[in-house]
């Protein structure tokens, strides 16, 4: 029996499937590890200043480690510094932070966009118009993804962005936007989405428009569409919410004195497409109708998470 | 009552037109709506076709229903900021139960939490006299929290949207959105209630002068409780329709983006935020105006910031122009 | 004396509530000390300014839905101006941003007066306009803040005549807040302009008939809200060291705290002190919930319930207090 | 006909009526003033010429445009047309503050203090010197005013006095009083008249609006009469001038006021409608018992603040009595909400019409309001039936429905009629009328008197509080006099003349022979005494 730690968690987006999965992964991993006595979770919709407050409250609560999904890489530096001074291990998940003492285990957002966009442009035959449906204007994850997208775009000079909108990562907004665009009758050969994907496929089907390749994330709804929707060619790029569980594992390793060689660990995305037979096989194997449509299907990360599917779905932490 | 205001025959034409519009506030609103559509058509020739109109109507309907909640509550000088939470709630509860209990039972059960929140709003605003803005903001928070907790407990069961709701939300019949089957009766009911029923009269009366209604024997609490329960029920129905349209059953922020637009639609449609004045027909046109405006801005290729600035300015412009025309002072 | 208590009873009650919560915090977390209190003050800073902005406008009979956007815009403006600039340059940035807040706020007021569109609609439109402007200034979080600005809200200053044990509980963030608010509010409240604010909120017609320049007073009220909003924006930049173009949760929070603080929606009644205390009560509640490691999903239920319960309680006393 | 004279009233007043030279300096001279609200013309062609040191009455039926003219003269609203000369110079008065600088200070028909500021702050806001203000307040008969009291906590009558004191404190050249005395009890009204008289003696001018002829004839030097927004004549106040004013006001001769046929003695035992025993409400109403019979109009007479407000509030279900019983038709009733009283057939018509009306709604909705109050009537409304019932009530009260779309556009008198029409339409068995003729022109007053008698004739009962003592004999069967929260006397109408009522109202014992004189004479004696 190892030591029993208290781990603090700070998250600033609530009610979104991806973030909910992340929190559940944190709970499940904390439980599965057997090393965590108590989780102290600050989980709400707020900005960097609000996250500073939450982090300081966690410092006041004297936790041993903090797993944080930063609202902004630089904006929470002050509190992370304070945490470090108080001897608290900080692990940032999902996004990097500028505080040098913090450890980072993150999905590579730039790579996420690059991978999907590149595949999409290849599917389009290297030319034609692409609809670029971004996330929330002003969010740092969005601007990271934009870098990746632009990088891929630069490699395909004949691909043009015919329509660029911010969905705000809102399903309804995205659906109305794409339907509006379809109604204009402008030609387009592919759609790249920042993870608001299933409503886009719905819109294509409902409006009776011609099917074009669609790139989205590995959300359960979209993955099942890739398996079932007639004529849909598309790819899901993994962006596992279970990164939260990996963050807990990393934090525990550090607390136990096993510091990683690098301060930053990047989890590289995978791309699952349904254009090739192998891809189809892969997609069949990951589809999971028992998950809610907005949850990413990649509910675990090999080497980093040890919980079972039942545990993450139950979403119970230690002591619950 | 316009029949008594017989315009003098020699008034100049401009003035006559103005007076005509002042008596029929809907006319300038519709003109504004048409103007927006024309601008859209000029900017993207061909966009205004049957399919686009059907889409616009589809998206305007849930907004119009939620804006109906705002209209009703604003008439009494209140506001209902819990509608988006309530709509999301009914959608999520329905989707989580539909698999087990079947669609009809799920829909009925899904409307219970909205009614409870409405009751709470009504008791707070009507009996304890808490300002509705605060009351509904608070219950909205409470509702959102409960929804989160509930979601945790049903996360494993999965969600399902009954085909009927999808049909209603997204389907077309002879080019007309099926949602109109639900919306036309609702709109007719609201309009009738406001103009021809005792309850409707009371809403205007309470918003105009609460003390006077008290002296006339009106039980304020009773009216307000009924009102907020009706508002919540409408929001719940809007949520069911909306989840059929968007098909994102597990979203916990489904209708959140509709909150501010619902207030805006009611106000653009001529309902006074201070109570006593307004009506639902204006609100419907207001919802259409906002929906068209969103399209207009989506189509415009400009930086997101500029787009938002334009959105704000247009809302202001539309409301100001409308007031100018309608106010015959 | 009894009138004094009657008029300020709500504020006194809030203060008592705050004290009780502080004691409670100490019980939950015996280690809770001056440093943690400093964190509380810093956390409360942007909220306090947002609430001050909202309170001024509500007292004058309006409402300002653009507070949060105003904070975002001023914050990104300050952060982008200071990005890569010298420390001294910030001396120019601060007054510039404050003036910008005042002017943009006054624009709110001017639009309300000129277009005669209801305040709630004008400020709703401005919510989008200012937010859009913020995105044009910075399309993603970024920028920087001068070190001295960041330092000015951390730690404590030694006060003459006061023992360290006391100054430790007077964090700079709190001192800054008090100074900023007092510099604007106290002279204002004593002036005819201050009375005019209350007057137009209480009864616009009566104010007009009493010779109050209603339009000008309203414009100034919104200008002041803009000024406080700019202070809020600066405080965001000061605490995060960056500017973020997406508005934080300050709009709803400001309305809630204004009402909790005893300012009557509709205008004419209340002050700044109550809402500011309400801000700290709400912040402390959050601290306590975090310290107790309450299920995060339950916290929003609790926050909502507290808001509703406190206001209902206030209403309940008001009903009971009515003669006969 | 005087209507023609309206075009050049100044000429007429200057040359024909009093023969004064045209060149005489006028402090205020307005001519050709017009103002329309949409289709409603509030003023068509109004003029008003005021000399220094005169008390000038502005007369006119309800809706004639008096208040509108006052608001225009003081910059509260802007005229569509017209010239305003102040001390011979053209001046564009842009706001009340502007008018103040020009020496014109109004007291409007409704209270103008800021409800959420205390008195001191209200004074500071208007830069009114506190010392003279306090003196005037004392002078006007409010001895112990607490200056730190919030305006909203102060009763209406006192607020009116404070409004006046505030105006007086800046020593205006022209004081404009719009129905200043309407909401005042007689004792306070007297003081006001007294003060006005002293203003004119000091060489300042006063424009005085009132529907009470006693006051006009006792106080004013000249009167300008408005009808339908036009000035139709200027009259010097000399004996018999009242007749001429009324004639100008109404455009036709009306018969002299006299008492209305009262209940026959044989109906006296028609049965008790309401019986109030040992009623005690709050601190003001100590112990009141009386009975109200079917088919009776009972007048309530009291000085300001003797508990009459509380009595009416308790009977209408707005306030809960601390002790005592109320019986309706012999059955004990307890009211916790006006709805309970209404169910027992008791309707309350407040004196302040802004408390009773839905200002932005139509006349029709206002009148029909009580119908919808009960839960079972929340459903569809029978529009046809409603139209007939409402139409009948409008006709019966002869409400001017030109601006019926929004009640706020009606004149004060017509608004008052709407508050009464509501309960006629609702067919209330008992009506509690609190000063219903406050600020109402003579013609309308007579209609209301007739109406109340008619109601009684139908077997309904009316409790009628009035601040104008002469009304008691015009309308009531009995007068119930309250003093210090107790019923001190009940007088049958025959002996309830103003003298007797005044004595009783001050709690003096009944003395049939004492001659107190008519009200109008009192100020003179007062002035002599002080």
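Labels A, B, C and D are assigned to the chains in the order they are written; within every chain, residues are numbered from 1.
Operating definition for what follows: a residue touches a chain if its C-beta (ideal position, glycine included) is under 8 Å from a C-beta of that chain, and two chains touch if they have at least 3 such contacts.
On a predicted model such as this, the values are computed, not experimentally measured, just so you know.
J.: Have a look at A-B versus B-C and report the one with more C-beta pairs in contact.
T.: Most contacts of the two pairs: B-C.
J.: Can you give the whole-Å distance between the Cα centres of chain A and chain B?
T.: Centre-to-centre distance between chain A and chain B: 33 Å.
J.: Where the centres are mean C-alpha positions, what is the separation of chain C from chain D, in Å?
T.: Chain centroid spacing, chain C to chain D, equals 46 Å.
J.: Go ahead and note the Å separation of the Cα centroids belonging to chain A and chain D.
T.: One centre to the other, that is 73 Å.
J.: So which bits of chain C are touching at least two other chains?
T.: 134-135, 139, 245, 295, 297, 299-300
J.: For chain B, write out the residues touching at least two other chains, lowest number first.
T.: Residues 144, 148, 152, 304-305 of chain B touch two or more partner chains.
J.: Every pair of chains that touch: which are they?
T.: Between chains, contact exists in these pairs: A-B, A-C, B-C, B-D, C-D.
J.: In the complex of these two chains, what residues of chain C are touching chain B?
T.: My answer: residues 111, 115-118, 120-122, 124-137, 139, 245, 252, 255-256, 259, 265, 295, 297-305, 307-308, 311-312, 315-316, 318-319.
J.: What residues on chain B touch chain A, complex-wise?
T.: That would be residues 44, 46-47, 49, 51-52, 55, 59, 144, 148, 151-152, 155-156, 158-159, 170, 242, 245-258, 291, 294-295, 298-299, 301, 304-305 of chain B.
J.: Applying the document's contact rule, which stretches of chain A touch chain B when the two form their complex?
T.: Against chain B, the touching part of chain A is residues 14-17, 20, 24, 137, 163-166, 168, 170-173, 175-177, 179-181, 183-186, 198-199, 202, 206-207, 221, 289-295, 313-315.
J.: What residues on chain D touch chain B, complex-wise?
T.: The touching residues are 37-39, 316, 318, 337-339, 341-343, 348, 350, 354-362, 364-365, 368-375, 377-381, 383, 401-405, 422.
J.: Once bound in the complex, which stretches of chain C touch chain D?
T.: 3, 192, 195-196, 198-199, 201-203, 205-213, 267-269, 323-324
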